[in-house]
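Two complexes, one shared chain (chain A), two partners (chain B, chain C).
For the complex of A and B:
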């Protein structure tokens, strides 16, 4: 049961532009996919990198670029605009890690940078590992049947 | 609880801000603004310490005094470190206070008690906040650009100081109401306006009841940092619950920035927000006789990330001071 005050709060709650945000994320996320594909093509065709390694090279390039742009100080504005278009791909993980590293670098290499670098992205690693374990388990069990 | 004062005056003030405030509509009223968020210091925290020291030095030089009996101040950083470190450079007794964004008015009330009872000759009260220091401590790293809801407020960067004494000069501090901690049952850390509006309503009502006044007694009622949505919540709640119509009313959180054109979401917040607006623009209006009586109700969300992670609701408080032009 909501009290009188909560009702007033709800009444004045602004609406987030869900569809606009989703559309922006869809378009920018799609563009990230195109950039990724182009990079793979580039590594395969012009540098004769085998297909599997080309994907790894693409990931490293994107991680490097998002870390560099975060350090240069304007990637946060892009992330703020593109939202999940840049947060869900590997760029979001790199940005979260790099921004935490920048924030705590003045508090020492171990006590600052080391201890806080994965502050935002640590959860992604933990639940990523648990998630992949669970899904591998399901796949193995289904494969047995 | 409301205390009445007969001989307490805010003689002199100082306001120093960062770049975002300097691009806002009140720029010309501030004493000094900086273009760089580091203020030539090494870290955000050290920048805030520097801001406080500079603001205290400025109020001293403006009023031509070397020493004060007591310093009363606080900020948003853990253990109010900015205030403690800043005070370590000054040879005065120090009272560190924490009331989140309502620290400024609490400081004025505490200082006024000393002056009124002749326990101290002069007192400087100060408050500060630093956007990046607060973001780092309460939310995400500064360079992290994750999207925020529209109800989020933007912490003000700046420091404000005021010199209190019994000398009849400046603005009269006529009375003060010490607020109660009010839990509005809100858990949304991105909607501080909703967290604090109920506390503001309670303090305004208590002040009017204790002083036997109606809301029309004041030319302007000014709340701390409710932001554009919190402001509307307060107006409607005051009307419904207490049947008080807030007509001559504004919120400093909606005044210091250009809410339409600056990336500040619902407006400003932070302990420095209310005093920066009041000591600059509002005092200017009062000295020019455009406003005579002003009720300043600074509001503070007593938020702690550990408690919000434990899913507890966020308590809030509001302290009010009645200011009069002389």
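For the complex of A and C:
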């Protein structure tokens, strides 16, 4: 009985084209990587920014672009199409922050915008800090430094 | 050549995330958290530094580099200021990204209306 039910469920589940989605994510994600590398080289050669600052400039440029495009309404469509190709790069972090900010803006500046801006991207910051603290503590205790 | 490496590495990370997203019940939020924690772990044995040398910007764009920079800052802080440095240095390298995201989001949400 349960098997038959499972069969019916499987039959009516929308077939997600796993391979197609992964290929799209691979291509768009790869493009993001190339854009990142291109921006670093541009900053280094045309504005003569040192290598370490060029990385920071590249990240800020990408964050600025994805915040702007999210506010203008393009980015949501692109995320629906590319999925992880735009969520895994730093653009996904900026997109989550910007869309939460736009959504809660009407509830007021402090209780809406301020309290909810990091609603989605806060998880990344919190687990990143916890993870880095635990791992760097382990590394310092073991003495690999 | 570094552009090809950047394309391959960043594309593989994104495709891996997409495969996990499609085959499990995890949300995109879970996926980004998993990748950040993987990034913080990879920096412990300096693996991620080698990837950055190999793939350049392709390794710095994915969210794993966010975790890598968090651990990097914490260990750098420890080398400079002992145990207090672990707390002092954690956000040293990533503060630009977090601040930029917050500042741009704040001002853009004041200027633009949400689109549905």
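In this text, the second predicted complex is superposed on the first by the 125 of 145 C-alpha atoms of A that agree within 3 Å, B and C clash if a C-alpha of one lies under 4 Å from a C-alpha of the other, contacts with A are read in each partner's own complex, and residues count from 1 in each chain.
Rule of thumb we're sticking to: a residue touches a chain if its C-beta (ideal position, glycine included) is under 8 Å from a C-beta of that chain, and two chains touch if they have at least 3 such contacts.
It should be emphasised that the depicted structure is a prediction, and the values quoted were computed from it without experimental measurement.
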| item | value |
| --- | --- |
| When both partners are placed on the shared chain, which of chain B and chain C touches more of chain A | C |
| Touching partner for A:38 - first (chain B), second (chain C), both, neither | second |
| Chain B versus chain C as contact partner of A:59, first or second or both or neither | second |
| First (chain B), second (chain C), both or neither touched by A:3 | first |
| Partner chain in contact with A:119 - chain B first, chain C second, else both or neither | first |
| Which of chain B and chain C A:105 touches, first, second, both or neither | second |
| Partner chain in contact with A:80 - chain B first, chain C second, else both or neither | first |
| Partner chain in contact with A:21 - chain B first, chain C second, else both or neither | both |
| Doubly contacted chain A residues - partners chain C and chain B | 16, 21, 70-71, 73, 76, 83, 87, 96, 98, 100, 102-103, 106, 120 |
| Parts of chain B lying in touch with chain A, wherever the complex brings them together | 42-43, 136, 140-147, 149-151, 184-186, 191, 194, 197-198, 229, 232-233, 236-237, 240-241 |
| Parts of chain C lying in touch with chain A, wherever the complex brings them together | 2-3, 6-15, 17-19, 21-23, 28-29, 31-33, 35-37, 39-41, 43-45, 55-63, 65-67, 70-71, 73-75, 78-79, 86, 90-91, 94, 96-98, 100-102, 104-106, 108-115 |
| Chain A residues touching chain B - in the complex, by the definition given at the top | 3-6, 8-9, 11-14, 16, 21, 70-71, 73, 75-80, 83, 87, 95-96, 98-100, 102-104, 106, 119-120 |
| Of all residues in chain A, those that touch chain C in their complex | 16, 18, 21-41, 55-56, 58-60, 62-64, 67-68, 70-73, 76, 83-85, 87-90, 92-94, 96-98, 100-103, 105-106, 113, 117-118, 120-121, 123-125, 127-129, 131-133, 135-140, 144-145 |
